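Take a look at these structures.
Shared chain: subunit A. Partners: subunit B in the first complex, subunit C in the second.
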Partner chain A sequence: MHSWTQRLLAAATTAALLLAATCAAASALDAFHVPSVEAQAHVTKINQFRKQLNGNDKVTLTFNISAKLESLFTWNTKQVFVFVTAEYENSKNSLNQVSLWDRIIPDKDHANVQVEVKSKYPLIDQGTSLRGKKVQLVLHWHIMPNAGRMMRGKMPLSEFNLPDTYTS
Partner chain B sequence: MGFIGDQVESIRSMQVRQVLSQIISLGMIVTSALIIWKGLMVATGSESPVVVVLSGSMEPGFKRGDILFLTMSNEPIRTGEIVVFNIDGREIPIVHRVIKVHERQESAEVDILTKGDNNFGDDRLLYAQGQLWLQKHHIMGRAVGYLPYVGWVTIVMTEKPIIKYLLIGALGLLVITSKE
Partner chain C sequence: MDWQGQKSAEMLMQVLLVASAVAAFLTGYAMADFQLMLLVYAGGVVLTALVTVPNWPFFNRHPLKWLDTPEADRHPRPQISSTTASTGGKKKTGKNK
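Entry: the complex of A and B
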């Protein structure tokens, strides 16, 4: 005969295994989900462009974003973290990737983003390479599941040129 | 006399065998746990493949008590990834999101800035004094998998050690008293 402890152990083991299998299956299903994101973003204004006291270029800007992110959501999606980066290359760095703005999207109903925003974080260079620099705006998303694998994706949007001189 | 002596001898040898087999089964449990942990370390390349979220700085994504699975590969770190990093002079590693990356031309050395999703400002206040960036060697791993609530087990056990000892005692008793 089986004692109650053995029964309990067997039940707990089965439960844990089933949960693990469900998580694995959910992640596997998510891997086959191909989202189709439509998005645009344009810089509408350079608010301030100057050299900081520590010698680094600093830009604050305004841009509009229009992004339809509904397709990122599946039944296993807890939230989507969406953000816009400014990306450029200069003589010092092969990649500069600076977050300008981000937002947490809790569900599908909030996944149609149409906003004009000021950069939440300023674009700060490591040095003074930003005058006249061509900078790429890129939309990124990071999908957090209820349980399982986290996924990322990105989409290059528009390019903009910074002015040749600092604003006052 | 001879008959009783035989009986005592047989019982004694039975018990010795049973005790031995119990010790071995206990050893199996401990070593298989160790094998799983070390195997995960090898598979993920991270010195701590599983971490428990201890603070609310990444809410609503990660809450206290959730667990994260980490990997450590040579793939470059990019903005948006959630990394676990160590700061000199701080015991507990931090789980936050990368918001800035500057990667050098030749050396591919990298400067990283992080921020908690639920925090207002970036992490420079959490870094060591005068430290502006994280480098590669600060990073313990990047989060790739997520499981809610499971980490509460370890939080409860570290904060209420008596529960830990009770649990270990009960499990040990179970192993020792169980037959077949």
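Entry: the complex of A and C
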């Protein structure tokens, strides 16, 4: 403490330590936050269902999503990544997950999602197991905080059945 | 800066930094604004640096009182004896061999 450089360094070190402690405290408070998400999704149209040249089943579909995601946000939330997956079971795997649509929600003002969309990414099977298959839509979210670890969550939405035959 | 000044500078630094961290966290939480927390804390750190880093006059209110010269002359500094110096030299030459 005898020279000004020593005092400056001591102050900077203590300040950095306390900043880390403050961020840790803010992140710890998030553990007590229980979000209550309300969401629905329904498939409105199967646009195309065919076998690709390489032999894999491919589906493009249209569905509407209604999701109230405001409760995911706390004061320590930077942004939220939401995506909808189609999940089904076949003989090869007990769980297949295919992402159909996603969106980055930057703040609470954009957290009420009401859209009807074509699937952003096609539903492609690794094989030909999709005909007549029962498929579950699941909403997933990844909460990215300002400080702390990323938190994930999901909730099942509606189920739908794919047709027994290819459409084209 | 004298001894008392150094002690109080360190105390002041720690108290001010902890206080600004607590104040920043509370305001950030109350206003639900993470950026506000960082700004309040940055303000607290700058204030702390301004108060404790420069050598302000109030850190120099307890100057050290040195002994007067006649008093110091009565207690001379102990001299290093020549015998210890010579043995030290011998050891050095022995090591170099």
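Here is the rule we go by: the second predicted complex is superposed on the first by the 167 of 168 C-alpha atoms of A that agree within 3 Å, B and C clash if a C-alpha of one lies under 4 Å from a C-alpha of the other, contacts with A are read in each partner's own complex, and residues count from 1 in each chain.
We take it that contacts are C-beta pairs under 8 Å (C-beta built on N, C-alpha and C of every residue); 3 or more make two chains touch, one makes a residue touch a chain.
All of these numbers come straight from a predicted model, not from anything done at the bench.
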Exercise. Which chain makes contact with more of the residues of subunit A, subunit B or else subunit C?
Worked result: B
For this session: Using the touch definition from the top, say if A:136 reaches subunit B (first), subunit C (second), both or neither.
Result: neither
For this session: Please work out whether A:148 is in contact with subunit B alone, subunit C alone, both, or neither, and reply first, second, both or neither.
Result: first
For this session: Return first, second, both or neither, reflecting whether A:25 touches subunit B, subunit C, both chains, or no partner chain.
Result: second
Exercise. Touching A:40 in the superposition: subunit B (first), subunit C (second), both, neither?
Worked result: neither
Exercise. Between subunit B (first) and subunit C (second), which does A:71 come into contact with in this model arrangement: first, second, both, or neither?
Worked result: neither
Exercise. Shared contact residues on subunit A for subunit B and subunit C?
Worked result: 146-147
For this session: Would you tell me which residues of subunit A are touching subunit C in their complex?
Result: 1-2, 4, 7-8, 10-11, 14-15, 18-19, 21-22, 25-26, 29, 74-76, 146-147
Seminar exercise, completed: Listed in rising order, subunit B residues that touch subunit A in their complex are 60-62, 78-82, 97, 99-105, 108, 111, 117, 122, 143-148, 174, 178
For this session: Quick one: which bits of subunit A touch subunit B in the complex? Just the residue numbers, please.
Result: 3, 5-6, 23, 27, 78-79, 81, 83, 85, 91-99, 102, 104, 106, 121, 126, 140-142, 144-150, 152, 154
For this session: Please give the residue numbers of subunit C that touch subunit A in the complex, ascending.
Result: 1, 6-7, 9-10, 13-14, 17-18, 21, 24-25, 28-29, 31-34, 37, 41, 45, 48-49, 52-55
